[in-house]
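There are structures below to look over.
First chain A sits with chain B, and in the next complex the same chain sits with chain C.
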Partner chain A sequence: MKKWFVLHRKEWLEMTLNYKIIWIPLIFVLFGLMQPITSYYMPEILKNASNLPEGSIIQIPMPTSGEVLTQTMGQFNQIGVLVLVLAFMGIVSSERRSGMIKAILVKPVSYPSYITSKWMSVVLLSAGSVFLGMLASWYYTVLLIGDFPFIDMVKGTLIYFIWILFIVTFTVFLSSFLKSSGFVAAFTLVLSILLSLLTSLFEKWMEWSPAQLTNAAASLFMAGDIEGPLLLPLITTVILTALFLYLATSRKSSV
Partner chain B sequence: MNFNFEINWALLAPLIVIQAILLIIALFDLVKTEKTNGPKWMWVLIVLLIATFGPILYFVIGKKRD
Partner chain C sequence: MEVQSLTKSFGKHVAVNDLSFSIEEGHCVALLGANGAGKTTTLEMLASLQKPTKGSVSFLGVEKKDFREDIGYLPQYPVFFSWMNAMEYLVLMGELSGMSKAKAMARADELLELLGIADAKKRKIGGFSGGMKQRLGIAQALIHEPKLLMLDEPVSALDPVGRREILELMKLLKETTTILFSTHILHDAEEVCDDVIMIHKGELAVSGSLSELRRKHQEDVIVIAADENLDAWAGSIESWDVVSKVISANDKVEIYVKSVAEARTQLLAEINEKQLPITSFTVGQTSLEGLFMEVVGR
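Up next, the complex of A and B:
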């Protein structure tokens, strides 16, 4: 266990040295703040930007607080997931390529603890980023748009984070198997887009899909309670996450 | 474009600060690092000229991973 913490600390040191610890949360906070601000100024921007004839009236209803938070989550699902996947695609594969992994594993360190220490650092950093981003978004939404219960924001973010957890675990899993970081990013992004797309297209057959968690969080933000499946996607996502983590730790050959 | 509405700068200040921090870290890292993906001057221009996305682009694809 002590060795595991040494490895874990090494991960944090590395993330500090390449500034991931600063720029990843900052990007989430930036996009979290941007969404309520854009919604707030949108009527004025449209009034000024469009070349409408004098006197024409455009009515744009101000979105509700829940809608703004849902839009923030949508931003995180696109730019946020992209940033996380690209930031962590090389977490194992680049060490494998540079030979660093050999230097670490000649020490009395087991391969599973090597992988899980990395996985834990990735999970903690992405959890911190997503929560900070949603918190920033919630704060500005309450200031600019209207009140929204804090506890609902926390609940929705928790549900949404399980989906992010699944995505980053899949990134670590692929990174431990593939040599090229580029393929890791490409496959993970394709999986996340396909899952989201299929889930919205075939809602009936995709009730188990991890992407349903985003819908559940969205309905919590918009309606105040969860309509549609929650338990089933939660169970499949947790099982799949555990499975991918297990598979990632079980590769011992050709280190 | 002619904006005829008041912009509340206190509201936008956090956004500007965050973008400034990202820009400074990216430039600092660019100075320290030896090799980038593609020419270094190109990344300096990207970081400086493309708001918000310049530093992000540099962090995710500009840094050379050995």
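Up next, the complex of A and C:
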């Protein structure tokens, strides 16, 4: 266990030195801020940017607070996932390629603790980023658009984070199997897009899909309570996450 | 350490085949073989970095799968976190071996001193030279005071000066630790080792102590060089009792003899009598190079 913490600390040290610890949360916070601000100022922006004829009236209904939070989540699902996947695609594969993994595993360290220490650092950093981003979005939404219960925001973010947890675990899993970081990113992004797309296209058959968690969080933001499936996707996502983590730790044959 | 019929295959390709050998405590053993003979694979299996397809390894009489606690390993191309400094890296490695931070630091200090890179301990590893990295690699292998030190091609990538320094260092280290190192250069093995294990295409070719191998495989040889071609004369002495083999090339004749003293007298007398225009007359011994070439080249 002590060795696990030593490895985990090394991960944080590395993320500090390559500034991942700063720029990943920063991107989330930035996109969190932008959503309520652009929603609020959209009429102004349109007025100034477009050369509409004099006297034309633009009427854009002000979105509700819940809608803004849902849109923020949508941004996170695109740019946020991209950032996380690109940041962590090489977490194992780059050390495998450089041979660093051998230098570590030649010491009496177990492979599962090597992987889980990395996984935990990824999970903590993405959790921090997502929550900070949502917090920023919530703060400006309340300031500019209208009140929204803090507790609902936290609940929705928690549900949404399970989906992110699934994505980053899949990233770590692929990274531990594939030599090329590029493939890791490509496969993970394809999976996340495919799951989201299929879930919205075939809602009836995809009730188990991890991407349903995004829908559940969205309905919590918009309607105040969850309509549609929650328990089923939650269970499959947790099981799939555990499975991928297990698979990531169980491969050792040739380092 | 006892190794029993160790085998590793990658698909159809068998990298190491039924390899058995033993290493005695306190000895320095060289694992010799050409490139691709399976040296690295063997060492990585011993270091539990690869799972053997078959076979077993026992260490101090205990048979286990994982001896990493007792083994220090220097990979062929050691890599480090270039953003760490030497001290940080050694402490990290020490802690990963289960040492307390304070103990790891004390040990790291001691090793950096021993390996002669103490003045670089606060420098980032990214700026180290090849020789310094090799030293740091040896330091990280020794950090947890292993019973066996395994070095994979420790001198192959170094310049002559670096190579000399590392070999001197190994001589020093072998006083206190058992060393197993792989190399494809016989000369290095002869210089620092007690025992050699030669492998060829993944199979054990020859193993034994150097002195034993010398006794068995080494021959006395007299080399005569002259101003003129000695082929004809060389043919005439081939039938002598004391001569076992004659190789004549250009103006040089290598005469493998059974007894140096006898052959020398006879040859000198012969040269005197025939008035051969010799330029040099050297008495010596074959190196193990011949044996190595025989093993590798067959």
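Note that in this section the second predicted complex is superposed on the first by the 255 of 255 C-alpha atoms of A that agree within 3 Å, B and C clash if a C-alpha of one lies under 4 Å from a C-alpha of the other, contacts with A are read in each partner's own complex, and residues count from 1 in each chain.
Assume a residue touches a chain if its C-beta (ideal position, glycine included) is under 8 Å from a C-beta of that chain, and two chains touch if they have at least 3 such contacts.
Treat the numbers as computed from the prediction; the structure is a model and nothing was measured.
**Student:** Now for A:Lys3: first (chain B), second (chain C), both, or neither, which partner does it touch?
**Tutor:** The second partner, chain C, only.
**Student:** Just checking: does A:Met34 make contact with chain B only, chain C only, both, or neither of them? Give me first, second, both or neither.
**Tutor:** First partner only, chain B.
**Student:** Once the structures are superposed on A, label A:Val106 by its partner contacts, choosing first (chain B), second (chain C), both or neither.
**Tutor:** second
**Student:** After superposition on the shared chain, which partner residues are touched by A:Ile193: those of chain B (first), chain C (second), both, or neither?
**Tutor:** neither
**Student:** Regarding the shared-chain residue A:Ile226, is it in contact with chain B (first), chain C (second), both, or neither?
**Tutor:** Neither chain B nor chain C is touched by A:Ile226.
**Student:** Tell me the contact category for A:Val238 with respect to chain B and chain C: first, second, both or neither.
**Tutor:** A:Val238 contacts neither chain B nor chain C.
**Student:** So in the superposed three-chain picture, is A:Leu135 touching just chain B, just chain C, both, or none of them (first/second/both/neither)?
**Tutor:** Touch status of A:Leu135: no partner.
**Student:** Given the touch rule stated above, what does A:Ala87 touch, chain B (first), chain C (second), both, or neither?
**Tutor:** In the superposition, A:Ala87 contacts chain B only.
**Student:** Could you look at A:Met120 and tell me whether it touches chain B, chain C, both or neither (first, second, both, neither)?
**Tutor:** In the superposition, A:Met120 touches no partner, neither chain B nor chain C.
**Student:** What residues on chain A does chain C touch that chain B touches too?
**Tutor:** 18, 98
**Student:** Provide the residue numbers of chain B that touch chain A in the complex, in ascending order.
**Tutor:** 1-5, 11-12, 14-15, 18-19, 21-22, 25-26, 29, 52, 55-56, 59-61, 63, 65-66
**Student:** Which of the residues in chain A end up touching chain C in this complex?
**Tutor:** Going through chain A, the ones touching chain C are 2-3, 6-7, 10, 14, 17-18, 98-100, 102-109, 252-255.
**Student:** Okay, in this complex, where on chain C does chain A touch?
**Tutor:** Touch residues, chain C against chain A: 44, 47-51, 66, 68-69, 71, 73, 75, 77-81, 83, 92-93, 95-98, 140, 144.
**Student:** Show which residues of chain A lie in contact with chain B when the two form their complex.
**Tutor:** Its residues touching chain B are 18-20, 22-23, 26-27, 29-30, 33-34, 37, 44, 47-49, 82-83, 86-87, 90, 94, 97-98, 136, 144, 181.
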